[in-house]
Amino acid sequence: MIDVRVELARNAFRLDVAFAGDGGVTALFGPSGCGKTTVIRLVAGLERPDRGRIVLGDRVLVDTERGVFVPPHRRRIGLVFQDAQLFPHLRVATNLAYGRFFTRPADRAVSRDAVVQVLGIDHLLGRFPATLSGGEKQRVAIGRALLMSPDLLLMDEPLASLDEERKREILPFVERLRDEFAIPILYVSHAVEEVVRLASTVVRLDAGHVAAIGGAAEVLAPTTLAHAGDRFGAVSVLSGKVAALDPAHGVSTIAHAAGSIVVPRLMASVGMTVRVVVHATDVALGRLPDGATSVRTTLAGRIAAITSDVDGPFALVALDLAGGERLYAYLTRLAVDAMQLAVGQSVTALVKAVSIDERGVAGVPRA
Amino acid sequence: MIDVRVELARNAFRLDVAFAGDGGVTALFGPSGCGKTTVIRLVAGLERPDRGRIVLGDRVLVDTERGVFVPPHRRRIGLVFQDAQLFPHLRVATNLAYGRFFTRPADRAVSRDAVVQVLGIDHLLGRFPATLSGGEKQRVAIGRALLMSPDLLLMDEPLASLDEERKREILPFVERLRDEFAIPILYVSHAVEEVVRLASTVVRLDAGHVAAIGGAAEVLAPTTLAHAGDRFGAVSVLSGKVAALDPAHGVSTIAHAAGSIVVPRLMASVGMTVRVVVHATDVALGRLPDGATSVRTTLAGRIAAITSDVDGPFALVALDLAGGERLYAYLTRLAVDAMQLAVGQSVTALVKAVSIDERGVAGVPRA
Amino acid sequence: MFSPEEWTAIGLSLKVGTIATLGALPLAVAVAWLLARGRFPGKALIDGLVHLPLVLPPVVTGYALLILFGRRGVFGAALAEHFGIVFSFRWTGAALAAGVMGFPLMVRAIRLSFEAIDDRIEQAAATLGAPPLWVFATVSLPLAARGIVAGAVLAFAKALGEFGATITFVSNIPGQTQTIPAAIYSYTQTPGGDLGALKLSLVAAAIAFAALILSELSVRRAGRDGGRR
Amino acid sequence: MFSPEEWTAIGLSLKVGTIATLGALPLAVAVAWLLARGRFPGKALIDGLVHLPLVLPPVVTGYALLILFGRRGVFGAALAEHFGIVFSFRWTGAALAAGVMGFPLMVRAIRLSFEAIDDRIEQAAATLGAPPLWVFATVSLPLAARGIVAGAVLAFAKALGEFGATITFVSNIPGQTQTIPAAIYSYTQTPGGDLGALKLSLVAAAIAFAALILSELSVRRAGRDGGRR
Amino acid sequence: VPTAPVAAETAGPTVFAAASMKTALDEIDALYTKATGKSVTVSYAASSALAKQIEQGAPADLFVSADIPWMDYVAAKGLIRPETRVDLLGNALVLIAPLSQPETLTLAPGAPLAAKIGDGKLATGDIASVPVGKYAKAALEKLGLWAEVQPKIAGTDNVRAALSLVARGEARYGIVYATDAKSEPKVTVVGTFPTDSHPPIVYPVAITKDSTSPDAAAYLAFLKGPEAAKIFVDQGFTILKP
């Protein structure tokens, strides 16, 4: 859907990236200063690449070779800036309405009331931006970009300045944009949960280059992330079909070849295919009878690899689950030694249902 | 150390807060728009309260009754703004040096080289702020405030725009400021981990009022947070003495009356008292022999209370641990039913060592 | 208090100042925008030309206007023939002179305000689908309100004081081109005219003062946003 | 190409313009700051006073200067007696006149730039321990560089063109007070003097143009920061 | 004080007159209006400006110049009706001083003018361009005083500015027209320059080529008439007999 291949030099900084996003969310991920905002600005048309081509659907937005450069206002690409950039002379309501003006009524897919309500900004409508708090500004900026019902939405760390609760309210809304309105999104975030939940494609940038690209499962899998030292960002992505809903307990059971996964959420319908994100730090291994603990989700697998930090306390255990998916578990080296774990052993993986973040469970996005 | 009692009205918004912070880190916590930045600005002297008193150590900074108002530049209070606010006409190096000028050499506790190195900004020193990325700007702003070696440091969501790895590098440095240089800090953050790790006092604001105040353990305990719907933010704080170091495995064992806690970190010394933050979502309950799972930390306790969501999937189980501390566990209601858990039962709590965030383990700060 | 002729001069000055200011404003905004944001060869030249009425003695500007826009002038003749616009020895000419003399002041003030706008706000408008002219009208222009108002006040004040170029271009005809400063000049040429000159000077000052206060109020209204970006 | 007298006038204009601009600058900066940030009773009055030289016909300003700073003037007598500063019939008087006439233009430009500064940047400096004057010198002033340079250019250009107030205040003494515009005036009063007037006008324009280019360069240097806040 | 035309009056001629004529012409015009019911519109400015305006098609019916060269200028361009041109008035050139400094000096060759000026100034019109300055220069040259007085001259853009410099005591002496000296009570006449020491001071008047007003000739006649003459004389002008 979006195909980016650009080069840009800015003094010492050199950007040279190529990636393609599908119709869903493409996440740009990487350390501070790696070039995420620059990519976003290139796609929006606020920056011209030295060389390259950007294609959105069947529209060529930029092609330096053929001298094509569609100006920002003809791209129909919404942008949520890292720092809100509201119009200081317009009230919040007018800020929100600004883009609607240029949206043909037929394209006005996003309803103002829904946006205002989800973002919790109805009490701010009559105010000027200078009187808003940091998070309030950012929410208005999100609303402003959404309301133009763009063909592509660019979001540069949109939730960074919001509290957890607010994030948890806004995320499903972003999902709805992706799914119901089929608006593709290019999403910059440092938060693994957000990235995993939303993104079908993750692009990891490093110093202006693409370090890794692929599905969330691959790019954020521990082996690739281990060197980054962030074990909390390491996840496995399992997929399965919704097997049963338990409205009484508010949970769903996902059938997986290696066992069943209980997630704290009522899925839309039985039979639907879903992805579940499991943090490697949330997986314990055991050899024990079912029902001995409060842990509902037990998955059978075989140890495929054990990677130990040489001097750190951790070991990463990769399990091949029945059915072929791979599940990662972070343990202490102490535990690996105490349990005498070794490659080839059969073990049970335990995953607490409560540790599965709803943010990390999603219907498989249309690719 | 810092004592704040202020009232301020701004149209519909009314701020009325009173709290005192000790010599360590006092965290301001609360949803977007609740008044955190306003409190910070009041303390910095950038805003005048309608009524109130602000005392730092033995210095009265504001006393509306006696007409005292110490101007910002005489407060020696460093401020990291929510949006960096660098001097656009000065290079990064000059931005950093700006405050040093007004710091008596004797007070220059913080070394420039250490700051530059920890913040990873040495390659930026010759640049102008307009050429920095969002995260780079924020790091320079942090450095600028640190280098004035302030009597009090105000930080308004300083790490929000940084990637995880960078946060993990900067946090220990903030701790050092707190501990080695004994600089008290007023810290605004939405990140529970940061708050728990750093703060000895947590002030939770809601719509301009103090909703809760106390130690991290109390304020962030699940019962108080449950209504906020954020189970990932619910933590227990356990304290114990370092009993053993296992350099071979890179872990330490903390002796607790209810058992031993294994944390993935080598503590400074045996015998030291430490706090361990345990997320309620990371606690599983069981009745099983030691060693059956990879989980190293098992704590004995008795169920004190079970609170169920009426319609949600979760149940919160409060355990009284031997020794008197309270440990919270979030389970699914399904698990509570399946295990037939009931108040009064003795159970074993299991906590994976890898799930204990180093950010959540800290020497008890000097109060 | 004032003779009929003085009242006429006061009324004329108001008219001339207002028309000159309003008439020059759109062009000044356009030129200021070009100078603030444009990058084109000859920009320095335009900048220089804009400053010319400031640099040249007013008499010279007046002569230049006379030669260009007089009845026999290059533009004057064409304008009169094709559009029926006649400047020479009419109040319209006085307005033209005042507009030209105030133009550099207007452009500078407006340009400074344009330059102070963070262009990322304009970029935000563009990403929302607004074409450049719309961005200009709905974002750049209102954000430059302070400079536009300041420029207008400067030009209006200058129009109240402008004398040299006006009297040289359109002479000093009571009821037609005799504005307050021209009337003051007449007084200074008259024995014992000092009091009359002082009186009219005070009138000019009072009018300018009123314009100033009005402008401050209008900017303050526009600044309900807390006044900053 | 130029007569010795013309060379003298050109040199004098340069001197007068430079001194007038540099001399008025500090006061203009201070007043602009007061008007941009101050809140005090009588602010509107000061604002009005600043605009006065713009509003009054130059002849009146010149006459007022004569009354105030002439040898027998209120201030003139005191200054001459206590400090030995004499304005009347000296180039210093021409500089004073030019400075006064350019003052409102300077103040406006500088004030606009001060007003455009986000005061949170100044607050940041204050929290770093910088006392107000230091903040002003190291933050506000450099951030207003564009306006200060623009104001200086306007005032300098105005000084090059100023004629009415100067000749009324210090008359037209070759080598002392005969600046370019006074020389041009002489030409225009002589039948057939048009060519001479044109020649000197071009000189004035060229000088202003050079000043303009210099100023643009200096602002561009100060704008290495990418040009925005 | 000038009076504006009242409704009953009909529009009469438009006169472009040198600014120094204002006091006299305003009075005469009032009389003319009273006598004929026709209003007179007068534009007072520098003769140079008026001449060039006429050249550019100004709607002037009559031109009253403060000196001969500017009338010659318009005449050479065929902008006036030569047969109507007449030297209307004459004036005398006087040396003045502030009232506080009453004295007399005979303006003859060898007069100690430079010594009397001392380190002060002698104010007059700009010697290169303003008529009174040009006359002053000629007179001083004729009297042989020019070389020593020249460095002390302060030129102004019009004669009234010179007058006020003397009246305010800024300049120690001034050279102005007799009419100006007469109008300013704060100055005293120190001496009068001999008539032959400078070119004749003449105020020529003529009807313009493009004049459309039927009253132009009548007005010119009125200017030359006895009522006008009385006012001119009161102001200190001399009436030149053609």
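In order of appearance the chains are A, B, C, D and E, and numbering begins at 1 in each one.
We adopt the following convention: contacts are C-beta pairs under 8 Å (C-beta built on N, C-alpha and C of every residue); 3 or more make two chains touch, one makes a residue touch a chain.
By chain, UniProt protein names: A, B = Molybdenum ABC transporter ATP-binding protein; C, D = Molybdenum transport system permease.
Everything numeric in this text was worked out from a predicted model, so none of it was measured.
Peer 1: By the touch rule set out at the top, what is the minimum number of steps from subunit C to subunit E?
Peer 2: Minimal hop count between subunit C and subunit E: 1.
Peer 1: With chain centres defined as mean CA positions, report which chain is farthest from subunit A.
Peer 2: In terms of C-alpha centroids, the chain at the greatest distance from subunit A is E.
Peer 1: Going by average Cα coordinates, which chain is farthest removed from subunit C?
Peer 2: B
Peer 1: Just how far, in Å, is the C-alpha centre of subunit C from the one of subunit B?
Peer 2: 59
Peer 1: Need the CA-centroid distance for the pair subunit C / subunit D, whole Å please.
Peer 2: 20
Peer 1: Can you give the whole-Å distance between the Cα centres of subunit B and subunit D?
Peer 2: Roughly 56 Å separates the two chain centres.
Peer 1: Can you list the residues of subunit B that touch 2 or more other chains?
Peer 2: Where subunit B meets two or more other chains at a single residue, that happens at 131.
Peer 1: Spell out, as numbers or ranges, the residues of subunit C touching 2 or more other chains.
Peer 2: Correct list: 59, 63, 118, 185, 188, 227-229.
Peer 1: If a residue has to touch 2 or more other chains to count, which residues of subunit E qualify?
Peer 2: In subunit E, residues 161 touch at least two other chains, as defined above.
Peer 1: Touching pairs of chains, all of them, please.
Peer 2: The set of touching chain pairs is A-B, A-C, B-D, C-D, C-E, D-E.
Peer 1: Residues of subunit E touching subunit D in their complex?
Peer 2: By the definition above, subunit E touches subunit D via 46, 48, 51, 69-70, 72-73, 121, 123, 126, 128-130, 153-157, 161-162, 164-165, 168-170.
Peer 1: Which residues of subunit A touch subunit C once you look at their complex with the stated criterion?
Peer 2: 44-46, 71-73, 75-79, 81, 85-89, 98-99, 101-103, 128-131, 144-145, 148
Peer 1: In the complex of these two chains, what residues of subunit C are touching subunit E?
Peer 2: Per the touch definition, subunit C meets subunit E at residues 3-5, 8, 59, 62-63, 66-67, 70-73, 88-89, 167-168, 170-178, 185-186, 188-192, 196.
Peer 1: Mind listing the subunit E positions that touch subunit C in their complex?
Peer 2: My answer: residues 1-4, 14, 16, 19-20, 22-23, 26, 41-45, 49-50, 52-53, 56-59, 158, 160-161, 180, 183-184.
Peer 1: State the interface residues of subunit D toward subunit C in the complex, per the touch definition above.
Peer 2: 44, 47-48, 51-60, 63, 104-105, 108-109, 111-113, 115-116, 118-119, 146-147, 150, 153-154, 157-158, 160-164, 180-181, 184-185, 188, 197, 201, 204-205, 207-209, 212-213, 216, 227-229
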